[in-house]
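Have a look at this one before I ask anything.
For reference, chains read A, B, C and D in written order, and residue numbers begin at 1 within each chain.
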Amino acid sequence: MAITLTHYLVLASVLFVIGLIGVMRRKNLLMLFFATEILLNATNIAFAAISHYIGDLSGQMFAFFIIAIAASEVAIGLGLLIVWYKRTGKIDLDQMNSMRG
Amino acid sequence: MLEPIHVALGSLNIATLAPMLIAIVGALSILIIDLAKGGLHKSLYVMIALLFLLLDLGALVDFGGVFLKNGTILGFFDVMLMDGIAILSQIIIVVGSMLFIPLALTSKRFHEYDYPEYFALFMFMIAGFQFMVATDNLIMIFIGLETASLALYTLIALHNRSKSFEAAVKYFTMGALAAGFYAFGSMILYAISGSVEINQIATIMAEDHYRNIGYVLLSMAFMIAAFGFKLSMVPFHTWTPDVYEGSSAALAGYMSIVPKIAAFVVAMRLFEFLVHSGVAWLQVILYIGVVVTMTASNIWALVQSDVKRMLAYSSISHAGFVMAAILIGTTQSNTGLFLYWALFSFTNLGAFTMLWVNRQKNLIAGQSSDHPYEKFSGMVKTMPMAAVMMGLFMLSLAGIPPFGLFWGKMYLIGSAVSSGYTVLALIMALNSAIAGYYYLKLIVFMFMKEPIVGYDQYYFMNASLSLKTIIGIAAVGTIFAVFAVNPLLKVITLFVYNSGY
Amino acid sequence: MFEAIAFYLFAALTIVMFTITVMTSQALYAITAMAAGMIFISAFFFILGADFLGAIQIIVYTGAVMALYAFGMMFFDTTRNVVEKRTNPRIVFVLGVLAAVMVVAIFVAPIVSNNIQALYPIQENVGNSQAVGMVLFTKYLVPFELAAVMLLVAMIGGIVLAGKKMDKSLTLMKEEEIDGLDEGFEPEAGGH
Amino acid sequence: MELYLYIALFAPLVGSLYSALFSGSPKSQQVGIVASGLLFTSFLSSAILLTYVMSGHTVHVEMMTWMATGDLYIPFGFVVDQVSVVMMMVVTIVSTVVHVYSIGYMDHDKGFNRFFAWLSAFVFSMMVLVMSDNFAGLFIGWEGVGLCSWGLIGFWYHKESATWAANEAFIMNRIADLGMLIGIFLIYWNVGSLQYDVVFAEIGNLQPVIITWIGIFLFIGAMGKSAQFPLHTWLADAMEGPTPVSALIHAATMVTAGVYLVVRSNAIYDLIPNVGIFIASLGAFVALFAASMALVNRDMKRIIAYSTLSQLGYMFVAAGLGAYWVALFHLMAHAFFKALLFLGAGNVMHAMHDELDPFKMGGLRKVMKGTFVMMTLASVALAGIYPFAGFFSKDLILEVGFVEHHYVIYTVLLLTAGLTAFYSFRLVALIFHGEERYKLFGIHPHEAYKFMLVAMSPLLVLAIIAGSFKMTYFQLVMNLLPATQYHVHDQTTYWIMTIGTQLFVIAAILFAYKKYANWSNVPDGSSAMERSFFYKLLWNQYYIPKMYEEIFAKPYAELSRIAWKQIDLKIVDATVDAIANGIYKTGENTRDIQNGNLSTMLRWMVVGLVVLSILAVAFTVGYNAVGA
């Protein structure tokens, strides 16, 4: 039984949805950020797989740049969390409710 | 072994990088100047930024001339794409930035302007947006978008108060989710076409006669979600009011103009070929999206008690209005998009600058936001000129002739009618009428209510000569737009038409 | 055969790991599971012949990103049990399942196309890193350089946000208070 | 000649900008004088243009091209032809008089300079409206006058009623404007141009159904501006504004814009006689309806406002029946004597310290001779007594009705003519004759400034002699409008009709004098008449304002009373009408989407994505099913 591109795409979507559930479910911002990493990783698998099955390098390039983007997001995200934490002592997003309506 | 690749330098068209490089060099030189000598006044950095943006603009105008003579310019293995809409949108981006950067010259000191890095990040952000519009490579779009967004999150947070952190974190988190959507959507496009360049994707899809329609639609679902976030389409709009409220009015105004035009250009590249190929699903979705966004945000704007939040919802509504241009997808409507946005820039610049000059440092006692309506009540008695200015911007936003936005609205509605979207045109007109109410509400407060004692001390407390100048420019732009509309239209049509949109 | 076994094994492992990451209430478990999941993903990359990507995955993700997160965890003191208020968990799962079903429903149909051409074909006799290098520094040179700018932006942003200068807010202080600040608050020579 | 055109058009704008310069500074007489002087210049230019047009030419300039891309081409030009020059004359004469008069009237007002800025801006917009050579320019002027009138009605913004009235007028007009905008779009869509000459030349080639819709939508716009039923309520409330404003806007110029639109579009309405009949019937109904409300009203300015409404009804009857030149003629004559009447009322108001109830006046003719004479003569003109202006224009409309065999309309109009005479002289009698009831309230009336009376005198002269221009006028406008003569062919019938009408009107005047000239007390609502059903019906304006309130506003207010109180919505409540309340409620109920919680926001994004992908799958399944 050969593994086809479909297998990889389904795997990627399952992982992506796990990430989505994490994004919706998490209240602790740090752990919410974990979930966003999962989203990008799921996509990366799919890119590498497509790249492999059609024999084209662009997919790997995309995955490569996605990794770079993920790394930059971590830096900014943690920076924001640090200032927020310094101010409030919490990183629970339910505490962020000064603006509404 | 791989054969070494020989690339002729001339074929690279290095010049296509010039505008963005100028912005990046500007950013770096700000950082270097800070390294060499710290503690310089912010006005120096503003001037440097303006200088480089001016160079940037010059390069763009030069490109405009080349484009009109030789057509689209490709560079760097076709990664860079300088077509008409890229040049036009970059001009809007750069001019918009030039108008908003001087807002740093406030008379009160705010935290972010104490950082030279603020100005450096601002320039990096501009470069990011420029890269984003000047390519049709999905990778490049993504990186440009992220460069700009990451800088923007930082700029918001640098305002340094709880609300701005909250805004930045909310924006960042939702942005990360949207980035996930974008990556996934691009992945599907890549899967069915083997390419990450929009024009090739379009060609391959057409050659396949859209056989993988499921994949196409799913990718569009993800892409609409991603750009819906950037363009604040309902229901991806929820960040907008909070982020506008949390950031300084100067930055909020900036956010309502520049990132959106960049996103609009990408949306044009990405969606319009599908609309033209008669993918009914996309037409229906965009139709619903446009109508819901315009209507819902107008209704929410009515119930706001803070002017900045009201303007946030109003800018959502304007974005929805302009999104209709992408749905219609004719040269006329695309021209209308740029015209509308150019006019909108001036009006919104004025409106947000008016908020910015009236910004007090701490919240007014008994109020929970910076610019409650009450703050402006009876303004006409204490500062008639300011009230008239604000009223002018509100009237323009409401689309009352002969002020700026009326022409944009009329042209877009006209393009809808002439493409047979009569019902859409009616809905657009109706929404403009509803919108009149909440703009009028502020006018009612300013002109017809009694002033609240002690509030006049907040008026223009943040003003400086440069800020007043900016208001003046915005007012002139809004009032005399009548005379600019026709020449502007001619130029825009030339650019848009020659880029094939 | 080997490929199939490897795929299913690693697929199961990554799914389990990531599920733990999003479901557990122990921050330590979450981060460990995620690090493990990342490594398993790199296994896919190796299976798919994207060696360079696999190496990058391990170095950047497991090495840098995870280390940053671990640092963050210590800073935020979230090593113990994380209490989160659950609001409408049912909606979350309904949405999740719906999304999965819809996406998978599309993906089970194979892609039919005669027109897909490899624009940057993978050559059998060339090592992956070499091929990647070739494409990266020709076609994707500009994105690559822009990525460098992006990382610079991220770096500046991170430093500025986490810096000491953010502890006092000029935005909230009165003008007189700012004037009264000692010189130490003014931007130090040399920056940071 | 183009120079004169531009002078006539832009002199008011210059005046407005000049006054606006001083709007922040305290009152200075010169602002008023300069603004009036510029208006007079505009009048002179119009007069020169009139002589030029009378010699058989027209002036047409294309000032600039606004939009010219693709298939959208909107040049912006102005035209001075036989119709627009008449309107220009009316507008400039009345507004010059009103400007000069306002120098005296607004003498003690703090917003003196601001007032002139608005007033001149209004005149400019009105000139754009009448001089434009296309529907787009007309619409811009249309919106402009709406905006200026909003500013002028709400001029005393510290008065809550004034603010409310201003907003009411603005909103009612916006509703109607939407109709008009649709009409204009329909024209553009079907004809491909908005230029009058092109549109009118092409309109005949369209399908009748489309022409009908165009006619209806344009008329909806006209109904709003000219306050025709059921959009009439704003006009009476608009009397909250300063009286010169009422004279200029709500008698002579803006409210007649609707009539002008119908007259200007005669090529369209000629093709759809059914709509014309509807317009005429509505006009006749409004004429009677408004006159009946004027019968019992106790507010001097509102009586005149209702009378204006009634006369607008007359004009629409004429226009609806195809007698466009008659409508325009009555418009002109009416502008003169009605403006005069309003300005006279302004004098009385000043004298009586803003008292508006004529029952509290009486005997003022002793102290205010000039005003008395003017208002009496204006009323005579309004009543249509020979040889005053009203006789020529109003009787002509009656004749039109008769000749066109619309006897019901004729009868209604005849009856209204009697009512008109009655309520006009009821007003005159109550104000100027009888006992000096004002003494009960300790008021010492005085005559207005001399120059105000002098300023009014041109209007007086015109109110008297305007009728004699009839033939000259007819020669002029027949170049552009259908030149149908309306003559009752049978001489005997003609004389019986004319004399009969005159007698009827005179009888109504005498009756009014008899009943009110010796009035001695101030009614307090206890007399038998005041308790009668009809009196109450009329007094409450047919309960229409109340009905609007009961049907639209009350249920919403009831539903949302609790939520209302939490937010201070008083202003919005007053501003936003019933429909907006509904929208507002929706907004309140759905703003929970934005509850400020990041988790909810993220979930909304996922909801959006899931909905989109469900739709994508559904479409794919459907597409494959159809494809297979």
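One rule holds for everything that comes next: a contact is a pair of C-beta atoms (placed from the backbone, for glycine too) under 8 Å apart; a residue touches a chain by one contact, two chains touch by 3 or more.
Keep in mind that what you see is a predicted model, and the values were worked out from it rather than measured.
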Open item on the list: Everything stays put except that chain D is ignored; which chain groups still touch one another?
Closed with: one piece
Open item on the list: I'd like the Å distance between the centres of chain A and chain B, where a centre is the mean of that chain's Cα atoms.
Closed with: 26
Task: Cα-centroid distance, chain B relative to chain D, in whole angstrom - done: 42
TODO: Averaging only over C-alpha atoms, locate the centres of chain C and chain D and give their separation in whole Å.
DONE: 67
Task: Interchain centroid distance [CA atoms averaged], chain A/chain C, Å - done: 6
Task: Multi-chain contact residues (two or more partners), chain B - done: 139, 143, 146, 150, 153-154, 157, 160, 169-170, 173, 177, 191, 194-195, 214, 217-218, 241-242, 303, 305
Open item on the list: Quick check on chain A: which residues sit in contact with 2+ other chains?
Closed with: 5, 9, 16, 19-20, 23-24, 26-27, 33, 54, 56, 58, 61, 65, 68-69, 72-73, 76, 79-81, 83, 93-94, 96, 98-101
Open item on the list: Using the touch definition from the top, which residues of chain C touch two or more other chains?
Closed with: 91-92, 95, 99, 102-103, 105-106, 111, 116, 118-119, 131, 139-140, 143, 147, 150, 153-154, 157, 160-161, 166
Open item on the list: Using the definition of touching given at the top, classify the network of chains in this structure as line, ring, star, complete or other.
Closed with: complete
Task: Interface residues, chain C side, partner chain D - complex - done: 87, 91-92, 95, 98-99, 102-103, 105-106
TODO: Can you check the complex and tell me which residues of chain B touch chain D?
DONE: 169-170, 173-174, 177-178, 181, 213-214, 217-218, 220-222, 224-225, 228-229, 235-236, 238-239, 241-242, 280-281, 285, 296, 299-303, 305, 331-332, 335, 384-385, 395, 400-402, 407, 411, 413-415, 417-418, 422, 425-426, 429-430, 433-434, 436-437, 440-441, 444-445, 447-450, 482-483, 485-486, 489-490, 493
Open item on the list: Show me the residue ranges of chain C that touch chain B in the complex, using the header's touch definition.
Closed with: 102-103, 105-106, 109, 111-119, 123, 125-126, 130-131, 134, 138-143, 146-147, 149-150, 152-154, 156-157, 160-161, 165-166, 169-175, 178, 186-191
Task: In the complex, chain A residues that touch chain C - done: 1-11, 13-22, 24-28, 30-31, 33-35, 37-38, 41, 44-45, 48-49, 51-52, 54-58, 60-61, 63-65, 67-76, 78-83, 85-86, 91-92, 94
- [ ] Spell out the part of chain D that touches chain C in their complex, as residue ranges.
- [x] 599, 603, 606-607, 609-610, 613-614, 616-617, 620
